Amino acid sequence: MQNRNLLLILAVLIIAGAVYFMTAEQQKKDQDIKMGVILGFTGPIESLTPGMADSAELAFAEVSESGALLGGAKITPLRADSTCVDAAAATAAAERLITSDNVAGIMGADCSGVTTAVANNVAVPNGVVMVSPSATSPALTTIDDKGYFFRTAPSDARQGEVLAAVLKDRGISEVAVTYTNNDYGKGFADAFVAAFEAAGGSVSVTTSHEEGKGDYAAEVGALAASGSDTLVVLGYSDGGGRGIIQASLDADSFQQFAVGDGMISQALIDGISGDLTGLIGTLPGSDAAGAKMFLDLAASKGKDGDGPYRAESYDAAALMMLAMQAGGNAERETVAKNLMAVANAPGTEIFPGELAKGLKILADGGQVNYQGATNVELTDVGEAAGSYKELEVKNNKFETVSIR
Amino acid sequence: MGGFENSLNALVLLANFVLVPALAYGSQLALGAVGVTLIFGILRFANFAHGDTMAFGTMVTIFCTWALQSAGISAGPLPTALLALPVGILATIALVLLTDRFVFRFYRKRRSPPVIYIVASVGVMFMLNGLVRLLIGPDDRKFTDGERFVISAREFKQSTGLAEGLSIQTTQALTIGVAILAVALLFWFLQKTRTGKSMRAFSDNEDLALLCGIDPDRVVRVAWILAAVLAVLAGVLYGLDKSFKPFIYFNLLLPFFAAAILGGIGQPVGAIVGGYIVAFTEVTATYAYKQLAVYLLPSGWVPDGLLQFLSTDYKFAISFIILVLVLLIRPTGIFRGRVL
Amino acid sequence: MNFGGVRAVDNVSLNIAAGSITGLVGPNGAGKTTLFNVMAGTYAPSAGRIWLQQEDITGLPPHQLFHKGVLRTFQLAHEFSSLSVLDNLMMVSPHQSGERLFDALLASRKIQAEEEAARARAEDVIRFLGLERVRSEAAGNLSGGQKKLLELGRTMMVEAKIVLLDEVGAGVNRTLLKSIGEAILRLNQERGYTFCMIEHDMDFISRLCSTVIVMAEGAVLTQGTAEEIKQDSRVIDAYLGTGLKNRKGAR
Amino acid sequence: MDEEDIRKALTAFGLIGLGLVLTGLLQSWNAALGVLNLCLISGVMALGLNIQWGYAGLFNAGVMAFTAVGGMTAVLVSYPPVVEAWQVGAGGLLASVLALVVTALVTGFVYRRLPAGRKRFWLITLVALLGYLVVRSLFGEAVQLIEAVNPARTGFLGGLGLPILFSWLAGGLVAAALAWFIGRISLGLRADYLAIATLGIAEIVISILKNEDWLVRGVKNVTGLPRPVPYEVELQQSDWFASVISWVYSGRLENAADQRAVLAELMIPASSIFVKLCYTGLFATVTLLLLVLANRVAQAPWGRMMRAIRDNEAAAAAMGKDVVARHRQAFIVGSAVIGLAGAMLTTLDGQFTPGGYNPLRYTFLVWVMVIVGGSGHNLGAILGGFIIWFVWVEAEPVSLFVMRQITDLIPMEPASAYHLMASAPHMRHFVMGLVLLLVLRYSPRGVLAEK
């Protein structure tokens, strides 16, 4: 009897709370343009995502504050958790954003697996644009997206070729490779090894490392035993990749490191005790100016713009809003139809912090070519074309050596 | 001479890549596994929340370390975190005693079957999991400072003239040292003090111990306190040596269980031995012995392959494989813990 | 039978005549329950054989012994606490097709018929034991004595060749003990059950048992009728001796 | 089920239904149906675990492994075969299997023919080692060839190209086979040990799925699995669906100025809803069927026997029940149900991502479902699946909302306000733990208690 009363009270409380919650949410609706930010706030890359979401929200805030979007519209970003790994939870979150919060577009998702799930099961069927800042799996190039899926991060297949070329050009012919054991790392490593071997190089050993396990002594031992002088690390700057480099430095086992985009971050240099000078890496984008502007912009807002996929996140958000402006309304179709046009030439080049300028040009009937923080250029399937910066660590900073 | 130098190189190589890392990792596992085993011995259940308890203690220590660092206080060449450790330990003791009071005591009084405790510990695990992330966030946190190396590989090479270097980090040395100290203290406590003896009696035979007038609440309390101290030590040392990330600490749970079961659950000595065995197996089974072969074999004999028993892909499966093998072959573990 | 170096039962040879009620007595730690556990298949003996009529049943697990007609009760009542008294009894019926998964899914009519039969038998047992009032009660809620009765009742659900009773009278009040004793006698006389029982209550034993076996320190000390046993000085020594030793050990 | 039970079940499901309807009204029907579909799958998972825990008292902490092999089977059944990979690698794989069989036969032969002793031991070791080396080299070569076939797109053998619905049955069978194997090695153990062993074995299974690319592409994931239901985009372009929609919304369409545009607008959410309803139909059918079957065996003497074994193993053995065999049976059957749910989940997702299986979500969350719903009660377990999935999904927006209220109400520094908002998603775990502990303490038999 007592139990049933408890149950009843609990139920009433829950319902009352739900109604209050939902009506309160409802009131917030319809005033602003809603944009979804779906990233893995919990799960294996939970440490990367807050910075990415912040960066996207920088762009939204910049546009809102400019008052130039569609005659002064404001943007409300809505975050949702993709969990990075649980396709079901990600789909549910996206479902809520798209069908209930009526977002005009989605910045996300992050990990290639959930991104595919959200695109196939929710975004494409509902005709909502998704711009992923970090899903780099080559498989996404060919998904049947009906023109609704874009990404500001290029496919790993391309980066693998570029990194291989960088190493070959520097006269490195034998490397050991370690990659983070997920679709990003594995796909990247496959592409790199194939390209490097095709160019006449040899890969002495390829091993994976797991994220979130902490101890990498065994991996480094195996890598060091290969006898190679160069270690290629395809992982994350705040995770296993950093652990591998740290352990290698401690054991003094490699002369030279080369890294992929997930590792490029000041946090890598700051977080490692030891000298990284001479470390080389590749990062999507071609113009140091855009990246620098983004860092400054972020710093002026009290955020840190330096980190994996943060610049890509800003660009992904900015592109969708420019597309709205180009089409003159915040409809979902408009975003889809105009996104390519604002991303590519012809038009005035727009960089981070200049979104207001871009919006104004579009409002006046002009054209823009959004460059952003990563020198955005979309291929005809809607992904970053993949010009890459070749970076090298000098004086405890990543410096651009050349553009490829 | 060349032969002698080669053997020396081989030795240093092994020490650098196998011995030192495995000792440090093994010490961390041992500390955690002793905590698991103590709880199992006294409260008779596998505590699934142990990893997250560790994360909680480490988190408090990190907060305190940051405060000390910003106040300009340091421990010289040693990490500041050592100064912050007591705070972390106290907070964790408070936490485990509270969870015991509000969660586990209830089931103890009702003499619930062990599985109910496990389910409850899963609940505690979920809550701590959320709590830690709520407070410190999910990010990777570094809080190491002070001298990094006792011996760095480069220095070693220069001073010995060998081709291979040996590096020992401060944190590794510290880990091994603290682990030895903590374990020695624990054994002194269990063997020599009255409370320790009553705990062992309680672990051996609960009913008999109760007949002899041992206060069960006191024994349980002390067990929790010890487990908390060991968990925070393990957590902080692990964090100093590698880095702190809540997710990693949850993942340490299975190696702990593996070590505890391998050694014979309820047996502190066993847990320590188990910890080192798990660590050494993980490192030796996946280490590539090619370089060693280069030093030790005539040049024509060195094979092309890496000479690895198992790819590092399966490194994390090793502790689970050990676990399953032990359960199959000798469920009582090496030191014949309580079972069945 | 070894327990980590301690021989719990050593070189025991005993014969239980069909149709008899045999008592097994001895001081604490004499190995009576261990012997039971070996006979009931809970432990396999490290040496020696166990014969049931002409059949060697050494080392068979308990569930197979059940089907050979060896049944037992436990020192502490082992009722199925969440099942009703009726279900406690009905579950005992051997070879129920409803216990096979696929039959449980498909053959409902056959199961129904079997269940009817099992229920009828269980109702008989309940009446026999006088448990009518608690028929639908969860067994966990019964009193200690009722649980003991229920355990005895479970052995009545099948035609047993031998029933091993482990302190069936322990912790039971005198009236109930009396009715348990009567039940045992009736089973023995009416159905020809063979009983072997561990018991401490000498009155109870002398009332029921035709033969009494005395065990001490893992071996058979002597064997005879209850009256003979009571006179035997070795038995008294065994009780007192180990009693003294026990007391010393406790100190 | 007695009257009290039925009333409770109706109330509980009614509340969940109300929650879903509220979600539908206030969020969207698509969101509500999405949640409902996963509720159904979670219910089936919980039902499977309930057979193991509720009926047999087995602490299976390896639920994740069975879900994953169910998902794997969905790929193996439905994905079109990669012909080229078969051409280059099938021979090698077959040869390695043959070599394995030969090794086993020879070992067996030596074992039987030679007397026990040192000679036999060494000979067997030699044979096994040789066999291992041969198998490994054959296998390694085949795997390399297979994985080299267009690694960015395939690089694995592919599947059988059958309709994905077959995989639900096959997933159950494969999970059952795995359970048979795991049961053989771990079912003799005590409760805690069984829990730890299954937890470990599940991790091993996942790491095999992650690293053996030739099987199901490992961490590279398999996406674009065929569906058992139509695609939304196809529906949006099909005439019959257009006519259905214009019939449903005939009132609204008549008054519209631009009928074609309004129709197109209406068809987008409608197509999504239609697809989801198709899934709901499939999942609900399976759930109901399984519930009926599970109740049937639970009420049959089988259920009585299992509960007796759970209550007291020694006494059940003494009453002629083969405890180990029955444990194994319940373990296998329960795992098969979990495997089926895993296949359904992969079907719904349309992809298989081995990296996504973690014990928190796929093992412990299912445990919470069973404990909350009512262990030993089939409908209760399903109910638990519904409640917990609903809370799991809605905990995130609700905690975001709560955090926003807190940051709005209490003046605080922007940094700490930001931190609070950013922490909101982690409330999910906290809430789960709290719910579990509260139920375990105050209503330990769950919402619907076993009778």
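So that you can tell them apart, the chains are marked A, B, C and D in the order they are listed, and the count of residues begins at 1 in each.
Rule of thumb we're sticking to: contacts are C-beta pairs under 8 Å (C-beta built on N, C-alpha and C of every residue); 3 or more make two chains touch, one makes a residue touch a chain.
As the structure is a computational prediction, the values presented were derived from the model and not from experiment.
Asker: From the centre of chain B, which other chain's Cα mean sits the farthest off?
Answerer: The most distant chain relative to chain B turns out to be C.
Asker: Pick the chain whose C-alpha centre of mass, unweighted, sits closest to the average of all protein C-alpha coordinates shown.
Answerer: Chain D is the most central one.
Asker: Once you find the CA centre of chain B and the CA centre of chain D, what distance in Å lies between them?
Answerer: Each chain's C-alpha centroid was found; their separation is 32 Å.
Asker: How far is the middle of chain A from the middle of chain D, if each middle is the mean of its Cα atoms, in Å?
Answerer: 29
Asker: Between chain A and chain B, what is the gap in Å from one C-alpha centre to the other?
Answerer: 35
Asker: Would you kindly tell me how far, in whole Å, the mean C-alpha position of chain D lies from that of chain C?
Answerer: 46
Asker: Name the residues of chain B that each touch 2 or more other chains.
Answerer: In chain B, the residues touching two or more other chains are 133, 137-138, 311, 313, 316.
Asker: Which positions in chain A are in touch with at least two other chains?
Answerer: As it turns out, chain A has residues touching two or more other chains at 42, 44, 50, 181, 208.
Asker: For the complex, which residues does chain A have touching chain D?
Answerer: 3-4, 6-7, 11, 14-15, 17-19, 21-26, 41-44, 50, 79-81, 83-89, 91-93, 95-96, 98-101, 112-114, 116-117, 120-122, 124-127, 137-139, 142-144, 146, 157, 181-183, 185-187, 190-191, 194, 208
Asker: Note which residues of chain B are touching chain A in the complex, please.
Answerer: The touching residues are 16-18, 21-22, 25, 133, 137-140, 142, 144, 148-149, 152-154, 157, 165, 167, 169, 238, 242-243, 245, 247-248, 251-252, 282-283, 286-292, 294, 306-308, 311-313, 315-316.
Asker: Give every residue of chain D touching chain A within the complex, in rising order.
Answerer: Per the touch definition, chain D meets chain A at residues 8, 11, 15, 18-19, 22, 26-31, 34-35, 38, 41, 151-153, 155, 210-211, 213, 218-221, 223-224, 231-233, 268-269, 271-272, 275, 345, 348-351, 353, 355-358, 361, 392-393, 396-398, 400-401, 422, 425-426, 428-429, 442-443, 447.
Asker: Chain D touches which residues of chain C in the complex?
Answerer: 40, 42, 61-63, 66-67, 71-72, 74, 78-83, 87-88, 90-92, 94, 96, 98-101, 104-105, 111, 114-115, 154
Asker: Could you list, by residue number, the parts of chain D that touch chain B in their complex?
Answerer: Touching chain B: residues 57, 59, 185-186, 189-193, 195-197, 199-201, 203-204, 207-208, 210-211, 360, 364, 367-368, 371, 419, 422-423, 426-434, 436-437, 440-441, 444 of chain D.
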